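The structures considered in this document are given below.
The same chain A turns up in both complexes below, where it pairs with chain B and then with chain C.
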Partner chain A sequence: MSFLGFTALPRAETSPVALLAVPLVTIVLSIVTMVVMFSALGADPGVVLYSFFIEPLSSSYNLGEVLIKASPLILIAQGLAIGFRARVWNIGAEGQLIIGAICASLLPIFWSDSQSAWMLPGMIVIGALAGMAWAGIAAYLKASFNASEIIVTLMLTEIAKQVLYYLLTGPLKDPSGYNFPQSVMFPDAGLYPTFGGDGVRANLSVIITLVVTIGCWVFVTKSFAAFRLMVGGVASDAARYAGFSQRRAIWMSLLIGGAAAGLAGVGEIAGPIGKLQPILSPGYGYAAIIVAFLGGLHPIGIFFAGLFMALVYVGGDIALVSAGIPASAPVVFQGLLLVFYLASYFFVRHEVRRVPQADGLRGAA
Partner chain B sequence: MMDALIFVLAGAFATATPLLFAALGELVVEKSGVLNLSVEGMMALSAAIAFMVTLQSGSHLVGFIAGAASGALLSAVFAVLVLGFMANQVAAGLAVGILGLGLSSLLGRSFEGATLLGIDKIAIPLLSEIPVLGKILFTQDIVVYVGIAATGLVAWFLYRTKAGLTLRVIGENPNTAHALGMRPVGVRFLAILFGGVMAGFAGAYASTVLTPLWSQDMIAGRGWIAVALVVFGTWRPGRVAVGAYLFGAVSLLGLALQAMGIGIPAQFMTCLPYVLTIVVLVAISADKVRVRLNAPAALGESYRAAS
Partner chain C sequence: MLISPGSAAGSGAQPESLLRLEGITKSYGSLIANDKIDIHIRPGEIHAVLGENGAGKSTLMKIIFGVTQPNAGTIYWKGRPTEISSPARARALGIGMVFQHFSLFETITVAENISFTVPGDIRDLSRRIRAASETFGLAVEPDALVYKLSVGERQRVELVRCLLQEPSLLILDEPTSVLTPQAVEKLFVTLRMLSDKGIAILYISHKLEEIRALCHSATILRHGQVTGHVDPREETSRSLAKMMIGRDIPRSTHAEAKPDAKIALRVSGLSTRERDPHAVNLKGVCLEVRRGEIFGIAGVSGNGQQALSRFLSGEETLPAARKGEIEILGDAVGHLGAAERRRQGLSFIPEERLGRGAAPGLSLNDNMLLTGHRLGMVARGFIRKRVRDEHAERCIREMDVRCGGSGSNASSLSGGNLQKFIVGREMMLRPKVMVVAQPTWGIDIGAATMVRQKLVDLRDAGVSILLISEELEELFEISDRMAVMFEGRMSPPVHTRTTTPERIGQMMVGVFDARDEIATEAAQ
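What follows is the complex of A and B.
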């Protein structure tokens, strides 16, 4: 197909320059679109840009906010990316996050006067296992019955939300909470320790995310299991021939993704929230999908993409106040990011050349 | 007891109508070999725009047209990504879906909580007089009847017209189709636009007729249920319609049981359609032979035009 005298040809090898340029071009295009959109809505573009990208970095409180929002995004995206590389589409991290949070919250809710140092490790283990189990349902149904993991994980998310509402209006409701649908406040033993100074909310989850990122990097670059996983997804026939099983790829991808999302859920309830409540995440489970792609499905790329996405969340909150930008703006921005990313990714695998005018020459290409 | 039953069965048609429109659109898209997962986002955006336009113009018809146009516009973005830039279809569907959800709540915030009047039900003369059945089948609003007609039209188009045959061939093997002189990219583009228009009608019906009160997140997973319904109906319009009406009835069952004073927590009832989606998906997908016989062979694969 040629367009205005140019044609796109597949590259023999992916271009490393394009691979690095793609996320940057994506971000620039998304920001430009966003600014044009909000100028049209009557906001001052300077104020919007300042609120979104400068102010979140301007105080230690805001920096702490960026870190605690980046950590669930990065954590979940690392887990999802392992699956995406194997073409296993876990779209329900939000639900796995919710179930992880619910199960982990049982410890601090039922032992709300405990001071035990084992509570936090217990919550972390339970949260990760619960997220894993929730994703495991989708893995079982995909591996044994071929049911689309995309639809199953999404439906499980809707179900998880209802389970949370049910528990908060009944069994786990704070009995002295004036009938609000929320649990008792967790004891200190059930909260992540914070760091960074007075009032800053950065906490242990940031450290956990760093450790997981390094772990993923080692797993992806050094391990044979990761290679098998990728081959199992990309070329299932070739993988079967080599003795790698697609079933294993499905199970591993979903279990790892579920564990990461469950862990992120623990980070929310044991972090800034400090109790179980109807809204546990502003859609981290979905935003993490974009983080995973924007980071090129690579652990280091995901780390930076997660920080950027967190900046957008915190900036969105600030712009809400300073420029009257609606709360849904970050979601629009996320959509733009992924759309532009997928469009510009074309140039990683294709090069654009001028078409020779004479039709007969085309055979030489 | 009888009243509750009539309520569920009669209401099921209206409740099912957005699912039916969206699923029929997605069915045609998938038959052309493209998996468009942005149905939820297209429905959400067109629900907001249709609501806004109906609120301003006072005309449901204008609202439906605006909804269809916005669904088509968003689906065109998807089409450019998967056909022009050859992006992965799953990722592109998610991207456009998220964009649609974001734009929907961005636009919707100005009329949060606003209400509209629904549209009148049409009682078909004589037929609506039949006891019980008359109320269930022949006292519905016009869009419900259009949905039933659309099911027949889609089936006729796919299996009785040359254009439908072309579309199905492209869905099975775009390379062969191209060698035979068909135009896979053009046909897929039109199919995707049709899917957008149908999702647009679905969103418009959901927000301006079925529950004419705007609230954020009003589509609540129905776009995804529509995608699942296509598998449920094994890519056959008639079976997709039966599935949609079954889901409509199940969604209302909770309300009816509560009205009858049966004490099941509301959240369990809300879960029913989602649980049913999973159960049905498992039951259909487990029969691999049947899926392979009916699913378009090239579904989800990028097609590269050999220029």
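What follows is the complex of A and C.
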């Protein structure tokens, strides 16, 4: 396989420095490309950069926004990364988030007058369990019939969305909501307390994310269970040889990912949204995949990658107004991140060489 | 051992030079794989390149076949400096190569496979294949489907494919590693015939007896350097080995086994149905390994040994209804997974070291944890790194594993050193039954001898060992009884001390004789 007289060959060794450089190079290249692109559309590059990366950090309100967007991204990415290390590809965190949110919202919808202090903890537990159950479907199908978890989780996301739409236009619709497809507003007992001052929407779900991040760090670096998962990912034959169960790895990976996504779903409905509505997340479940890889599948890396991705979300909203760029800017930037990540990872793993003269072409033919 | 001394061939060789390498050097980073190598090959000469694994043989062949380019030095082809920039260029010059691992498509015919590299329509090609197979004594049927062919037949297909391109130099990489003794004899007849016709052969091997029987000259490599150009017919195996490893060969020593009547591992009537339709199924395999003996299983690879080792190790399991087909120390274990069988006292050394016996990309510490976790390395679900590292370091010390410490990556070790680590680790588990597959395949003599000695030591300590090996010499050296696998069937066991390689060779092609002294009874 060659292109314009060049071919890529796998490197014998990859240096750890190069692996560390991957996320940094990815981010720098993405920013440069974005600035060039939006300048071509007539935006002032200085303003674009300022509104993307400085302004989100300039006021407590904006900081709060960054935190509440980073929180679900980090939470989901931590869960997914554990599975990704075992090469179990849960692509459907978005669906697990939706189902987690739906199930958790049953408490505040049916007991909308309740003042019980158990309401929020109840929602957290139910949300996590529901996300697990939804991911468990994919685990069952994979473990029993070897059905690709990539496709199953992705399709389950579409089903989850339809379930949400059905419930919001029927059983869970607010009876006095002028027929809008949304639930009643949750009582205060069903909401995370906010902090950081007036108008700031950051809430205590951030604490949960912090606790989960620390928990993941302990799990990944110290536990034997995570070691077994990881061996299954890097060398499945060695895992089988050692007697580490593949079935167990599938279940564990998907259940952990589902629980994290379900928790993130609770963070949305019990946080800034405060009710069940058709749009629960701006694609956190998918963006978290990028966050997981950008963070090198390491809990600490994911924490910073999640903050960065949240910055892009918030900065994109700001730049929309101040620099006059298109509304799709954050999604474009996510796309750039993914493309540059894959490209730089490829070049860390491969070296480019010139194909020797015409002989090489004959040899390849 | 099994081969009669070579004819005084080389008579047809013309004096002029076919291939000459001068000062060929190739380095990968800090590792110098080839250091100023000089080799000189005449037409019709059978020239051996002899060396341990990692001595630089493969790199040298890759340079000659154009797969990789040297950093320095010159290649003269028929007296002219030549750059061999690719395998296609090598073929155009008249260099053919048969690799250790064959490159044939299994689901199409021999002629169709050959048509990928040799132009011409299939009918014409089939005719030429038949002609070539008659001329060179290489029985090959052009219309046969490749998946039905034995390993020996596949090798003949590769050879015919090379010969149809009328090479003046043929490179053979460890060609006998997959052959029975009888097939080796046949191959040698063909190679001598080729030599008489003026085709030079570059013969890569680590089997000293073969080289002495076949080759006219030999270049010996050690650590990337040439340590000698000799006429192998005038050397002894011992002197060749000394040049190859730089010191005398250590030999493993042991007395006759004293097995007791207790059966530690029993397989009774194990039959399997593989998912891959081309794979070999086990057909009613029965065997019994006593406490304190080494039971060898001979056979050409691909006769069901892989399936047997997977079912014995627990990497594949039987349905609970058939659990009694495999017993460890009297307990039915056929339905148990690999981890549970280890708990019953089994340990297993697989034939693939990197990727199965050890995880590449992980440190030796982590690879110690892989199966050694039962040795107190895990407490309440958490890894006790200190205990783990201590075990890894002890294993490295006791097995003399050459590496940069217990933190070094498993992939950075040579095959022999990694194997020593794996053997050491599995011994630390204090097994009662050990299943070992191809323990010395492709590792240097020093490491191989050590591994064999450790197996004998284990046996003397009362461990039952099942040794699956393709190396007859190894089986004759250390096993007490042995049986042969052929097409998924197991021969009756024989006593190693009362049988001959020729007898085993016959069994390797499926001639199991009921009159054979059945060792089971004799051992009682």
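Methods note: the second predicted complex is superposed on the first by the 331 of 365 C-alpha atoms of A that agree within 3 Å, B and C clash if a C-alpha of one lies under 4 Å from a C-alpha of the other, contacts with A are read in each partner's own complex, and residues count from 1 in each chain.
As a convention for this text, contacts are C-beta pairs under 8 Å (C-beta built on N, C-alpha and C of every residue); 3 or more make two chains touch, one makes a residue touch a chain.
Values in this document were obtained by computation on a predicted structure and should not be read as measured data.
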Contacts of A:S245 with chain B and chain C, given as first, second, both or neither: second
First, second, both or neither for A:I279, with chain B first and chain C second: neither
Partner chain(s) touched by A:L338 [first = chain B, second = chain C, both, neither]: first
Which of chain B and chain C A:F224 touches, first, second, both or neither: second
Contact breadth on chain A, by residue count: chain C or chain B: B
Overlapping contact positions on chain A, where the chain C interface meets the chain B interface: 362
Chain C-facing residues of chain A, complex: 12-13, 222-225, 227, 231, 234-235, 237-245, 356-357, 359-360, 362-363
Parts of chain C lying in touch with chain A, wherever the complex brings them together: 28-29, 69, 85-89, 313-315, 337-342, 348, 350, 352, 355-362, 366, 369-371, 373, 378, 381-383
Chain B to chain A touching residues, read off their complex: 37, 41, 77, 80-81, 85-88, 90-92, 94-103, 105-106, 109, 185, 220-221, 224, 227-228, 231, 265, 267-268, 270-271, 274-275, 277-278, 281-282, 285-286, 288, 291, 304-305, 307
Of chain A, residues touching chain B in the complex: 1-2, 7, 10, 89, 91, 141, 145-148, 150-152, 154-156, 158-159, 162-163, 165-166, 169-170, 286, 289-290, 293, 326-336, 338-339, 341-343, 345-346, 362
